[in-house]
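So, here's a batch of structures to check.
Below, subunit A partners subunit B and then partners subunit C, in two separate complexes.
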Partner chain A sequence: MEFDAIREYLPLYAEAFKLTVTIGWIGIALSLVIGIAGAFIMYFRIPVLCQITKAYVELFRNTPLLVQLFFIYFGLPKLGLSISSGTCGAIGLGLLGGSYMAESIRSGLFAVSESQKTGAASLGFRRGGMFFYVILPQAVSISVPSVIANVIFLLKETSVFSAISLMDLMFTAKDLIGLYYKTTECLTLLVAFYILMLLPVSILGSIVEKKVRFGMYGS
Partner chain B sequence: MSDNAKEILKIEHLFKDYDNTPVLEDIDLTVNKGEVVVIVGPSGCGKSTFLRCLNGLESIREGRITLDGEPVDPNNRSIYKIRERIGMVFQSYDLFPHKTILQNITLSPVKVQKRDKKETEKEALELLERIGLSSHKDKYPRQLSGGQKQRVAIVRALIMHPEVLLLDEITASLDPEMVREVLDVVLSLAREGRTMVIVTHEMGFARAVADRMIFMDGGHIVEEGSPDEFFDRPKSERLRSFLKTFDYEG
Partner chain C sequence: MRLTEFFGFDVLLKGSNMLRLLEGLMVALKISLISVAISLILGTVLGIIVTFKKPAINAIFRVYLEIVRIMPQMVLLFIVYFGAARAMGLNLTPELSSVIVFSFWGIAEMADLVRGAVTSIPRIQYESSQALGLRTYQTFLYVILPQTVRRIIPMSINLITRMIKTTSLVMMIGIVEVLKVGQQIIEANRKSSPNAAFGIFATVFLLYFIACYPISRLSVYLEKRWSI
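Our next item is the complex of A and B:
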């Protein structure tokens, strides 16, 4: 292991790390917006939108991110819309993540027991009040673990960004290996930066999970 | 019961099906203000379904249910107002797991009835005091025993100031030693003159609390009468054999 090389590459990795994290989290934010909207549409079975959402979920959950990125990156310009590879990455991640998030949140909503709804109804709750005060908080609690798992999964999926020449961590590592053949150093740095990106999410995730675990306890 | 008893809940010719299978057939019952009506019967006889109909939780095929003259109809928008006036407690407690005990009690009066939060909390604490659980007000349902949870569920229904209280097998999932603490609360409510319709399998309790007993079987009311008549001189063979199943002597 050559520590000089590591010292030399470090700033490049730091730069790539910033880019990966930024685009990753923008994509995740987008995926949450899509996911929440999609889950509500499927829960309330809003006509037309519900069918569209289901088709979207199946399409994006059953195709690889790489293929989705290619469609956006090379397809949109053909339609006259040119976007930067950064925007493309964030949108691709958001669309892929949105399909996973929608399923996680939807299953949380449906997991709230019928007897909780009956109990709330017997107390005079209208539909809206029942949803916001009784169903939603419990659904969130049930969804949190799988939403966090999705976040971690999506952050790792950013490694595909290199295919649309985004200077992310993976791209930087491959580029440096190609130039200088310092494979061990480059891969070690790559692993270290991915852990740096994901470990805090894992730790924070399990703290949040513990905090909202009430949904799994009895009532 | 006095002669000028005021009718509060009236059920006329009630029919109810589940997918064309009749569950309740031609039920007639009038509950007077301050009266405690206890319904017993074998499992699956329709008594829980009947209670759910009284709170508009089930749609009915035929007949009429009225609370003080107003229809109890799940397809009518007035059902929400009606449910505020009819309290119900279930076998499975159904406290809100994400809310503390105090929040569980105050949620519906504050959010549904738009009552003042401070006043409601004060009333909730008085009620909790009465059932001996005021020290648990900041705990979550999961931290309480079944009997404690069920007492909280009763208080949660009471704080809505219901005109009628429906209790659906509220001790059925409790350990024997917890049954008593819950039934004592119900007995004290009966003494205060609360109007209640109770479904239970606790025969001793039924006899102690009831003004009138109802025996249901196969979706019908088979027999009704005062507790003494009902338990000591049952008229129908079906009630006699039902009561025998609770008898371990001889």
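Our next item is the complex of A and C:
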């Protein structure tokens, strides 16, 4: 291990880390928006939109991110839809994540037991009140663990961004290995930065999971 | 310009292009099937070992699980493919490296599924079996095992689709699979069909969907049918 090399590469990795994390979290925010909207559409069975959402969810859950990115980044420009690699990364991650989030939140909504709804109805809740005060809080607490698992999964998926020539951590590592052949140093830094990116989320996730475990009444 | 040319689907019919794409898909599927087979067998064994609750083994297992949980498969691929050559002087083929990485990942996932399924069987089941006069091996064989298997099978089928999706990464360490073949076809036909990128990548997209969708439906179906 040459520490001079590590000191020399550190700023490059830090730069790449910033980019990866930024695009990763933009993608995750986008995926939450898509996921919540999609879950509501599927829960309330809004005609037409519901079928479209279901098809979207199945399509994106059953294909790899790398293929989706290739399609968006190299395929769509042929029809005149050109976007930069950064935008493409965020949109691709958002679309992939949206399908996973929609499924998690939807199954959380459907997991709230029927007796809760009858109970709320007998207490005189209207449909809107029932949804916001009775169903939604429980559904959120049920779906939090899988939403967190999705966040970790999506952050891990950012590692394929290098395929669309985004200067992320993988790209930097591969580039430096190719230039200087300091494989051990480059790979150590790569692992260190991914631990820095994911370990806090993983630890925080398990704390949050324990805090919100109050759902599942009446089951 | 005809419509098929505009969407770049015409390349698929030229020569043996479609066949080459399918062959590329087979390369990825083969790697994932080998890794799945290894993961299912070794993961089940590991999962059962973990349920014995030996502190040392469980501590190592927790660390192993956390590594797999937070390290992207792509990083693991790089470590095995580039790192092993440097650190140990091993020159692994990309195929072997990817099988090692995906098995390493799959074994952890599978072991955790097995552990979760075995420990989630309520105590009542053991106690009732005892009350009915079943011996330990009978309890395990006739009561615990059938329930565990029903819980594990849908989730391990799901693992197969995840494995297939993850094997798309192998192009990054130089294996010629469906995406790489797609790129080659696009390069070769750059002049004659400039819009090939759309058609080819849309096809690859659909091919993956066709490969994974039936398997994930099966998993959902079994989960529903066997839910207790």
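Following the convention adopted for this analysis, the second predicted complex is superposed on the first by the 215 of 219 C-alpha atoms of A that agree within 3 Å, B and C clash if a C-alpha of one lies under 4 Å from a C-alpha of the other, contacts with A are read in each partner's own complex, and residues count from 1 in each chain.
To be clear about the criterion, a contact is a pair of C-beta atoms (placed from the backbone, for glycine too) under 8 Å apart; a residue touches a chain by one contact, two chains touch by 3 or more.
What you see is a predicted model; the values in this text were computed from it and never measured.
Partners subunit B and subunit C fit side by side in the overlay (superposition on subunit A). Of the two partner chains, subunit C is the only one touched by A:68; subunit B is not. When the two complexes are overlaid on their common chain A, residue A:104 makes contact with neither subunit B nor subunit C. When the two complexes are laid over each other on chain A, the CA centres of subunit B and subunit C sit 100 degrees apart as seen from the CA centre of subunit A, to the nearest 10.
Of the two partner chains placed by the overlay, neither subunit B nor subunit C lies in contact with A:150. In the superposition on chain A, contact of A:163 is made with subunit C only, not with subunit B. Using the contact criterion defined above for the overlaid structures, shared-chain residue A:184 touches subunit C, although it does not reach subunit B.
When the two complexes are overlaid on their common chain A, residue A:79 makes contact with subunit C while staying clear of subunit B.
Look at A:172: by the touch rule set out above, it reaches neither subunit B nor subunit C.
With both complexes placed on chain A, subunit A has more residues touched by C than by the other of subunit B and subunit C. For the pair subunit B and subunit C, the least inter-chain C-alpha distance in the overlaid model is 18 Å. Across the two superposed structures, the residue set of subunit A contacted by subunit B and also by subunit C is empty. Across the interface of their complex, subunit B is touched by residues 115-116, 118-126, 129, 133-134, 137-138, 141, 214-215, 217-219 of subunit A.
Partner subunit A is touched in their complex by these residues of subunit B: 55, 57, 80-81, 83-84, 86-88, 90, 92-98, 107-108, 111-113, 140-142, 149, 156-157, 160. Residue ranges of subunit A in contact with subunit C, taken from their complex: 58-59, 61-64, 66-68, 70-71, 74-79, 152, 156-160, 162-163, 170, 173-174, 177, 183-184, 187, 190-191, 194-195, 198-199, 202. Of all residues in subunit C, those touching subunit A in their complex are 7-8, 66, 69-75, 78-79, 82-83, 85-87, 161, 165-166, 168-169, 171-172, 179, 182, 186, 194-202, 204-205, 208-209, 212-213, 216.
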